[in-house]
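Read the structure below first, then the notes.
We just call them A, B, C and D in the order they show up, numbering each chain from 1.
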Amino acid sequence: MLRHPTRKPAIVALVAGSVLLTACANSGGSSSSSSGASTGVSGDTVTLGAAVSLTGALAREGILTREGYDLCTDVVNAKGLQIGGKKVKLAITYQDDKSAPDTAGQLIDQFNDKGNKLILGPYGSATTEAAAAVVERNGQVMVDSSGADDKIFTKGYKRTFAVLSPASKYLSAIVTAVNELATPKPKTVAILSADDGFSKTAADGAKTEAGKVGWNVVATNYFPSRATDVSSSLTQIRGLKPDLVLGSVHLEEGIAIIRQSRELGVTPMAFGETVAPPTPDFASTLGPQAEGVLGSSQWTKEGKGKDEWFGTAADYNASFQQKFGREPEYHAAEATAACFAFVEAMTKANSADPNKVLDAVAALDTDSFFGQIKFNQTGLNIYKPMAVIQIQQGQQVAVWPKTDKTSAMRWPVATS
Amino acid sequence: MTPFLQATVYGLLQGGLLALVAVGFSLVWGVMNVVNLAHGALAITGAYFSWQLHESLGLDPVLSLVVVLPVMFMVGYVIQRGLINLVVNAPIWMTLLLTFGLEALIVNGLLLAFTGDFRSTRTGYSTNTLALGGVRIPYARLIAFGLSLLLTVALVLFIRNTKMGLAIRATGMDRTAARLMGMNVRHVYAVTFGTATALAAAAGSMIGLVGTFTPVVAGGYTLQSFVIAVLGGLGNMWGALAGGLVLGLATAWGALYLSGTLVNAIAFGILVLVLIVRPSGLLGKPYYEARAEA
Amino acid sequence: MTAALETRDLSVRFGGLKAVDGISVTVEDGRVLGVIGPNGAGKSTFINLITGQIRPTRGKVLVAGRDLTGAKPWKIAAARVARTFQINKPFRGLSVRDNVAIGAMFGAPGGGSVAKARGVADEVLERLGLSGVAELGPTELSVAHAQRLEVAKALALRPRVLFLDEAMAGLRPAEMEPQLELIRELRREGLAIVVVEHVMRAIRSVCDTVLVMQEGRELLTGPPDEVLADERVITAYLGQRYAERQRAERAEAGGSGPAVADQVGPRPEGETRAPG
Amino acid sequence: MAATSARPGMPESESESAHPELGAPTTGPPKAAPAGRTTASQLAGWALVLGLLVICLLAPKLFIPSFLRTLSAVFMFATLAQAWNIIGGFTGYPSFGNVVFFGLGGYTIAVLMARSHWSFWPALVVAVVLGAAYAMLIGIPTLRLKGHYFAIATLGVAEGTREIVLNVPKVTGGGAGITVPAVGPSATTSYPGNTGFLYYFLALLVVAMLAVYAIARSRFGFALRAINQDEDAAAAAGINTTRMKIAAFMVSGAITAAAGSIYAFQQVSIYPDRLFSVDITVLMVIMAVIGGSGTVIGPLVGGVGLQFLSEYLRQNFTDYHTFIFGAIIIVAVVLLPEGAVRFASETVRQRRLPIMDNLRRYRL
């Protein structure tokens, strides 16, 4: 165990040097092969860059997002994409951002160097925010599929567009839906929220909305993001006997709220949660306990609207099932929709040149399986409503907004 | 009063389960001076094992331990004998790094094998609770708690009353002496690690019974094991149980009366405080070696 | 004149155990105090109390009249009190020269630059005959050299009080003589020296006074020959049964020579050699 | 004991203990050489390092933007590894919470720039001072602990500090993060861009390298190595061990805080989960140890090598990279327990690969 400074400095420096040089040389070399930066079309392939979380805390949702992107390339290539009068292949190159924002930013730079000017958003608000800043600087274009925190859209970015509704709408949609559909109407509501940015924004949105419709918010309670034990928060609200319990959560906290409520005897008229109920794991994990839970979703298979690539929401549902053997959840749908926005814009612009695509995306006003898509100045999809689903007989069914396809909301749903 | 009682009961039940996660961690640390960063990952491996048996054979998670315990014991035995024994004499950060690498390997292996989907072992009694006045006690958690106690007692008996238990204690106190007395230290270490792994896997099965899991939660259980092991005193099995209960209570009460977002801060606050004020843990004798200065 | 080292009623308890109990000694400049006693008598703890590794629970430590009770080890070192350790504690990553230089760098009053300290180290190594191994690592040394290195490290502090904790352990008789000569030389130079030893030949040949410890307490203090012949010392050292046997043997032989033979006494490694 | 020296590399022979690091260090060097002697070969080595620095300074001309960013990350991690090396490698106190200074530095500049409208440079100075001050604050109690206890205590401090940052959203933005005003009218310091940050990180790496180089041959460095080898003997040799350990922790904390500050500015938006991530600490330790902890050049080798490796794996093995990285760590720990630098110098010295020696060294 030598505790000396450089005992064999020449050797040591040589090692350090060769490592550094090899690395420099390798990376320098590989970069020279990148091409097609100006048109975005290399040969007869258009390549979109996607930094998604395949490892780390967001791995679960990141993989779902990738499935949505994969379905998009499958469908588009099967039908054939025409740009500039010739048939081109749509490809997506994936990189793992490890659920870390700085890595996401770094990956966007790497895409830029390889000529990938068109970027599909990562999963999650923090990574999307980091990516958006880099996209703006590099003159790339990004369609965001899942970064919902409203903060992203207050920075004046001109090159990031989101097909989805912002975080503030996630939970307030349930308030609106319940107020519209329920009899008797709830008078009191307790809001439980994780303490990350996205969840807090969603909780604030619901609080505001609840005030508007005249409900009494009896408690707003926070717990650590990704907690699997929320019993203390539930113990606190149990005595308040709220008519409605709303959770601004991810999947694990969402499951914990329902499960531990049953254990602890918290029995409101109903539970409503963001993000968690539309995920298949939710119903499969909770079984009968999941019955009647309301959830907000970016997309349901009962949604209106259709497009020439994916057809209606029901058609999308079918093609997803065919590829993956199960029903899609909204994470996949919004990912496909982001990809769709690029495809539509490239077709309209008849080019894959980033600036032309940027203009075309900004000017987009089209119907789709995801609903109508048109972006405002800040990059948000102005038409996009949230949908509300309910777990009924183990299946998620759309209950709001009202269309001819939606089912009736069961109310109240409190058991035991 | 009811919220307090409810939080207390729940905290104790949760604490008992955490104690079962931590007891093996504490054992390995106390006997071999190895801080096993892969401990949580081994617990979650047990959770998947038990879950898979339930899914494919319909085996109850408690019954499945008959299979899970011996298999995971062997897994642990092999890991120690084939890998950790190679660096057990190295400066401590080497074993930390080795087990960190092991954790990355297991967690990502599980991700590749089982995806990141959330799992839960759902049984007929998952949803039932026992109501005592205003206080409700979920059966599943009660079972997990009971199993925790049972296995901790079994471990204590094993260590106190068997020849192998004596060997484990002896090597933990003085390896050279143990070797001179003819003990096969490599084997003893491997048995220790195997036992710890089996206990972690049992805890994992119970985690699946009372809640949800996915590979990436492994690190969180390792961190909690740190807190409990330090709280209880290293290698002290009753201490681990006490440490788990204290941690469960402290976080339950803290979340009830302070803020739900403070639970982790409370846990780590306790950890640092105990280390500085009483590094021997709550039940341990003063641990002189813990300090650089008297 | 104040003594180089004085302890008054020095005591420490670990829980219920009185490891050192009320030891008072005085060591003048140019004098050597031997400390003997069976294993566990508290000899090393006694040194640790003086040199700051352990804080006493009672009593006083005075170095040249200055009260240094419970001071940190480096404060004691700065007061020019140096020690060796029973179990050698070389700095394994450093060369022999740098091992010694550390003491000159930090221990000597005012300290010194790295280069200056190396100069001091070279002088000390030269004096102890270790110049030839200055560039080696401490683990490459023979036992004799390793023991000398410990002494060299202590001497680099330019001490006025020197503690040697079993500096003869593991040495062959031939290797012991230079070490003993060194102690005599240092004593002539005026150092106050405290020697903890199991090797009775060493004790007899260099000590002016011997303190016998048993279970933390002072059993006896006096000139070496007197102390080593004392019945209580023999009993304490060798146990009741052996003492009786030896008494019988002595009666048989009619001799009255020194009772505690050279090199008897329990060895720290447990390789106790049977006397006779 | 026979009158021969203990053979190097055979630590378990005599003084085996169940808790090796609590007792004597477990192994010795085959041959200890004088430290701090400037020789021609050393000068040549450093000239080579300097030459590489020049090449990397020219990197903006040579390489493409994303490589600048990758290189920034490489420099940052090498710096962090070097900062860890001071407390972990030289002093022998394996901090598993060094990321706390990184997070503290990042949050200091973010809060000062966003809430108090400071510009970057004065905020950086405050961050560095706070990093050192916090190291002192937590060092006073925790540096009394040894080995694992110190590692766990610092880990607890880091996790606890993150929780505090999460729980004061009015100041730090809590889990929602905080955004440094880097562009637009509210920007207090113009955003330096990829090239700018490359220089910032490179400058910091140079500072860290020089600091460690200077420490390694100063009295301070000798004191730290002595403490690492045997704290009792160090104290008996007159070294104020408490003060030296705290000083080492402060230097480590200050450098790490500076890295965190630049990182936060580069990232613009920062979140507690990332800035206090235990993964960053682990990377520091891995890089320092696999490069060679306690050497000047090791953390640089480890930082550069591993960061490029992890980058390469991520780009080429999208689904399996963490899995492979974990396996590589395991193999590296087993085969290169003394680090790449010592492995290389031993290979040259013995003219053979000392793999078996390494395998035997720490085996039970």
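Just so we're on the same page, contacts are C-beta pairs under 8 Å (C-beta built on N, C-alpha and C of every residue); 3 or more make two chains touch, one makes a residue touch a chain.
All figures in this text were calculated on a predicted structure; none of them were measured in a lab.
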Chain whose average C-alpha position is farthest from chain D's own: C
A-B against C-D, pair bridged by the larger set of C-beta contacts: C-D
Chain centre separation in whole Å, for chain B relative to chain A (CA means): 35
Chain centre separation in whole Å, for chain D relative to chain C (CA means): 41
Centroid distance [mean C-alpha coordinates] between chain C and chain B, Å: 48
CA centroid of chain A to CA centroid of chain C, Å: 73
Numbers and ranges of chain B residues touching at least 2 other chains: 108, 259, 261, 264
For chain A, residues contacting two or more additional chains: 1-4, 55, 57, 195, 224
Contacts with 2+ other chains: residues of chain D: 15, 25, 27-29, 32-33, 35-36, 166, 217, 225, 228-229, 241-242, 294, 319, 322
Parts of chain D lying in touch with chain B, wherever the complex brings them together: 11-12, 15-22, 25-26, 88, 92, 94, 96, 141-149, 151-153, 155-157, 159-160, 163-164, 166-167, 231, 241-242, 278, 282, 285-286, 289, 293, 319-320, 322-323, 325-330, 333-334, 337, 359, 361-364
Chain C residues touching chain D - in the complex, by the definition given at the top: 51-53, 72-74, 77-78, 82-83, 85, 87, 89-98, 101-103, 105-108, 111, 113-114, 117, 135-144, 146, 153, 156-157, 170, 172, 269
List of chain D residues in touch with chain A within their complex: 25, 27-29, 32-33, 35-36, 41-42, 44-46, 48-49, 51-52, 55-56, 59, 62-67, 69-70, 73-74, 90, 166, 173-177, 179, 184, 193-194, 213, 216-217, 221, 225, 228-229, 263, 266-269, 271, 273-274, 277, 294-298, 300-301, 304-305, 308, 314-315, 318-319, 321-322, 338, 340-342, 344-345, 348-349
Touching residues on chain B, where the partner in the complex is chain D: 29, 31-33, 35, 83, 85-94, 96-98, 100-105, 107-109, 112, 171-176, 179, 185-186, 189, 219, 223, 226-227, 230, 259, 261-262, 264-265, 268-269, 271-272, 275-276, 279, 289-293
Complex interface listing, chain A residues touching chain D: 1-17, 19-21, 23-24, 27-28, 31, 34, 54-55, 57, 94-96, 98, 100-102, 105-106, 109-114, 126, 129-130, 133, 137-138, 149, 151, 156, 194-201, 224-225
